[in-house]
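Presented sequentially are two complexes of chain A, the first with chain B as partner and the second with chain C.
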Partner chain A sequence: MSDCANPGDQFFSTVLLMTAHIALKLFASLKRYTPAQADRFSITPGLTIADLLKELNVPLAEVKLVFVNGVKQDMNMPLKDGDRVGIFPAVGGG
Partner chain B sequence: MSSAMIKDIESLAETSVHLDGQAFKALSTNHVQTLAGRYNIAGRDIEIAALNAGIIPQRYSRNMKTLSPREQALLLASSATVVGLGGLGGNVLELMARLGVGTFYVIDGDTFEESNLNRQLLCTQDTLGINKAWAAAKRIEVINPSVVVHPYSEYLREGNSAAIIEKSSVVVDCLDNVKDRFVLERAAKKAGRPLVSAAVAGLTGHAMTVFPEDPGLKLIYGSPEDLAGAGAQTILGCPPQAVALLAACQCSEVVHVLLNKKGLLRNRMLAVDLEDNTFEVVTLL
Partner chain C sequence: MDLLCVLDFHRVEMMLPIQSKINFGAAPKKRALFPQKDLCHKKHIVNALPIPVLRAIHQTGNGTGSQIHRQENEDRIVKEEIMARILRINTRKKTHSFEEPGADLAALGGRGLTSRMVLNEVPPTCHPLSKHNKLVVAPGLLTGTAAANSGRISVGAKSPLTGGIKESNSGGILSQKLARLGIKAVVLEDKPEDSGFSLVVIKKDSVEILPADEYVGLGNNDVMGRLWDTYGKRVGVMSIGPAGQQRLAAACINFADPNGRPGRAAGRGGLGAVMGSKGIKAIVVDDSGAGKVPVADPEAFKTANKRWVEILKGHPVTSQGLPAYGTAILINIINEAGALPTKNFRSGRFEYAQDISGERIAEVIEQRGGKTKDGCHPGCVIQCSNVYHDKDGKVLTSGFEYETIWALGANTTIKDLDDVAMLDALCDDIGLDTIEMGVTLGVAMEAGLIPWGDGKAAIDLLKKVRTGDPLGKIIGNGSLFTGQALGVDRIPVVKRQALPAYDPRAVKGQGVTYCTSPMGADHTAGYAVAPNILKVGGDVDPLKKEGNVEVSKNLQIATAAVDSTGLCLFVAFAVLDTEDGVQTIVDLLNAQYGLSLTPEDVVKLGVSILKDEHTFNQRAGFTKVHDRLPDFFADPLPPHNVTWDYTEEELQQAKQYD
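After this line comes the complex of A and B, so read on.
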């Protein structure tokens, strides 16, 4: 057995750090922008919600409420692995 | 309450048995109406007197395991303003009248049309073309003549809403667009009354409760100045299952407000999506 770490392990850890998965839920009229595999959507850790929405071509003017893990958040919040993200447009009918 | 009236109530009360075998003294709907006529008061006042004497009006007997006689009497002594009598409003009113909220102020200047038939309980083949507030008053009369309803066949405006709202304990926002919701919120805050709001677009909906000192609807919609359009319902419509569900949530919140219960959706929002059965309470503040 060698005391030296396998260089391959280090490479693997770095790759793990560079990707994170979030669960993304777009509500009402924004549903049409839902990407494939939204329940386990790959992002670069630290990506902000605004950047994520731009990447998905969601019109930011239509986004009225953003929440992460059940708490309302600013669009500039950076995302991390395991975050559950919800996005609401203005819903006003009855 | 006169002692003669209490004696009348007690003499007409009959023993009834709940589904679990519990015996209780009950007053039938016919006797409530007879006594209301005899003493020239609203049926709900007879019912309040009965409840205070430990007698359960039979029409509320299936409420008695979730509402104490004191709580049922409190609801009957309370009043609610329901603004907008479409999908949400018709359902909310139906539930609250059956539950036994005592007084309603109902506001809507609109008339029923065929596109309302999918979700609006007050809209039937017979009420097409009829004013919604008038239809609401008629519906309450046939569901529960003990409660009192004041219809206002007019649209909500900055000028007219506060005077109506001030008369009631709680305001229920059942409007169909975001802009008017902010008008109503301002009026409720001005009158110092809590507002229970819900909205629907397609299979998505949300509900929240706003007290006068709370930030309120801007937590959900952002600033009213930045709003463009009435909301996503103009694209997605309003199917009945989402509307009825959110109306039931509003009714539940009204009970929480009137009985001063914990667990209110205050500075929080219930988010619902029936497409994938999402139910989540979001902390807004």
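After this line comes the complex of A and C, so read on.
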């Protein structure tokens, strides 16, 4: 399309995207994998949850539940700026 | 053949199809429980018959195919006569009697037995505090055996809180002792003409009903401490505190845990008030000298129990999550899911959830020297309970559980964990249901009686129940009564019972259970949180209606059956995820009783119990209009801004069994 964003805008948006941050919380037995500045954790935009967990050296077999913005998601969910991410092992109670 | 018609497992003509995402385990080969033809020519079938049926056949000379069978039956009758008795206590005459269970009770235990007896014997229209009500206390079918996690107890009656039937389930050490004494149920009947209280002491060869003057007015801690001093450490005790003595509708019955503390309770539905109305302060059970519970096929039982322990120890929830962090491990996840009811069900997120979380509690316990792991009865391999110490390292409370911490914490916005623990300790000592009281305190805060989040004010208010202060009597009667007394329009109850720790808008399957369970708003009655939030036993969207009526219905059926076995409900986390989970429970039952049950029979049992309970409620005057949430649940709940949007007709599907 002729009216697409000019190269300057593309550069600007890329920079913005590269500074995506998530609020990350690891719970219960996974708490020990919590990185520094987890409340405002920098990620590459579009990073999947599986990639994020690999980056943090969290054994995938120990992860049972992932919530993004309060909704259960699977490992392939791409993350975006401002997401609230909660990672849990298998839990139960009541 | 007529005799068979009264057997519980045969009451439901048609099997309920299980059609949902919930995995009840693989269905094994279908076998009829008792084939209709040639009934009595098959040895295993003869052995499967409950004793009264066997006796009837034996006495009439029908059906026993040979002399050998007859002799076997006689042996079994003798053995069973020792084990299967119902102890009735007339609280007016202070007398007792033993009886053998009738044919329709013989195959039942736990909730199945309490609900059947209440249906059969309690006029549904009676006042719950009148002489016509009965309190039925029953161990489960597997209780007293070596089966892991089988020591729970069911307490049933017409509820002073809901006005409907009630089964309230508890841990503690009393249930296994009753089972070892061969007592299938203890029934408190009639009502004293004076205001005095009695103590019941049950031993191997005696039942005494003694004056309880020295215990009157005491809290449960002192009652249990003194009874252990008098009757020996490790005796089973169930008792009521000042709330039960005052016959308040939020009064519970506390059960001594293995440490002799009142950390376990038949909490819900005001059953402490029924015990209070019968003038019974406490029941002591001493099983000294009792033998083991008879097991028909010890080898098969041993094999099944080995697999049973493997299942419980092999599932991450029952082997790791629950023992490490306790039930309060749920605080963070339910908060993350946006379903943790906060400030009297205004939001699904509590800003200070971390401060009252299972992780935080485990840290505090480790710092102060309590216990992060504890079992509510011997033979528990899950160990989800705890002992919580105060800042000085002294025991403050035990059995400090998720529902309690939510009710007294997030729901009231009290974030000081020690205040929450003190409120729990007071509930245990005064004998109050922690869920009902947490919601009641929220309602009191709603009215401005005390400020939101003010733990010290809540403690002072709760203490008024002990002294019989009129304000104490108001809050001791629960959320609805308090809301009416204080002019509040936001009272989260179904069938007059306070909602537990999951907002029904954001965990819709759980909401269906709150509405349609015969118990009123009850989280244990059909724990849809498992598939809705925890990905246990399936994965069903909690924010949408689709599939959630079926989820609730099937879980209600399964729960009714589990509650009859004496097994802890938490076994369900492992059972729902394990292919041979249900079959292993069935194997245990078959080995203990010499039966040939199948998993389908377990489903039939669950359905028959729910039918009994709904029948009682219908006769008591309940209709579908009582299956509603309060209308404020039509308002959106942050953060998901979901509403409660089921129609009455949709909800009724959860009660359609045929």
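Everything that follows uses one rule, which is that the second predicted complex is superposed on the first by the 77 of 94 C-alpha atoms of A that agree within 3 Å, B and C clash if a C-alpha of one lies under 4 Å from a C-alpha of the other, contacts with A are read in each partner's own complex, and residues count from 1 in each chain.
Throughout what follows, a contact is a pair of C-beta atoms (placed from the backbone, for glycine too) under 8 Å apart; a residue touches a chain by one contact, two chains touch by 3 or more.
What you see is a predicted model; the values in this text were computed from it and never measured.
Student: Determine, for the superposed arrangement built on chain A, whether chain B and chain C clash or fit.
Tutor: On the shared chain A, the partners clash.
Student: Would you sort A:G70 into first (chain B), second (chain C), both or neither based on which partner it touches?
Tutor: both
Student: Is A:L60 in contact with chain B, with chain C, with both, or with neither (first, second, both, neither)?
Tutor: neither
Student: Following superposition on chain A, which residues of chain A contact chain B and also contact chain C?
Tutor: 25, 27-29, 31, 64-65, 67, 70-72, 86, 88-94
Student: Once bound in the complex, which stretches of chain B touch chain A?
Tutor: Residue positions touching the partner: 84, 86-89, 174-178, 181, 198-202, 204-206, 219-222, 226-238, 243, 246, 269, 271, 273, 275, 278, 280-285.
Student: Under the stated contact criterion, what part of chain A meets chain C in this complex?
Tutor: Residues in contact with chain C: 25, 27-29, 31, 64-65, 67, 69-72, 86, 88-94.
Student: Going by the contact rule at the top, pick out the chain A residues touching chain B in the complex.
Tutor: The touching residues are 25, 27-31, 61, 64-65, 67, 70-72, 86, 88-94.
Student: Quick check on the complex: what are the chain C residues that touch chain A?
Tutor: 315-318, 320-322, 324-330, 332-333, 336-338, 348-349, 358-359, 384, 401-403, 523-524, 527, 529-530, 533-536, 539, 543, 569-570, 573, 639-640
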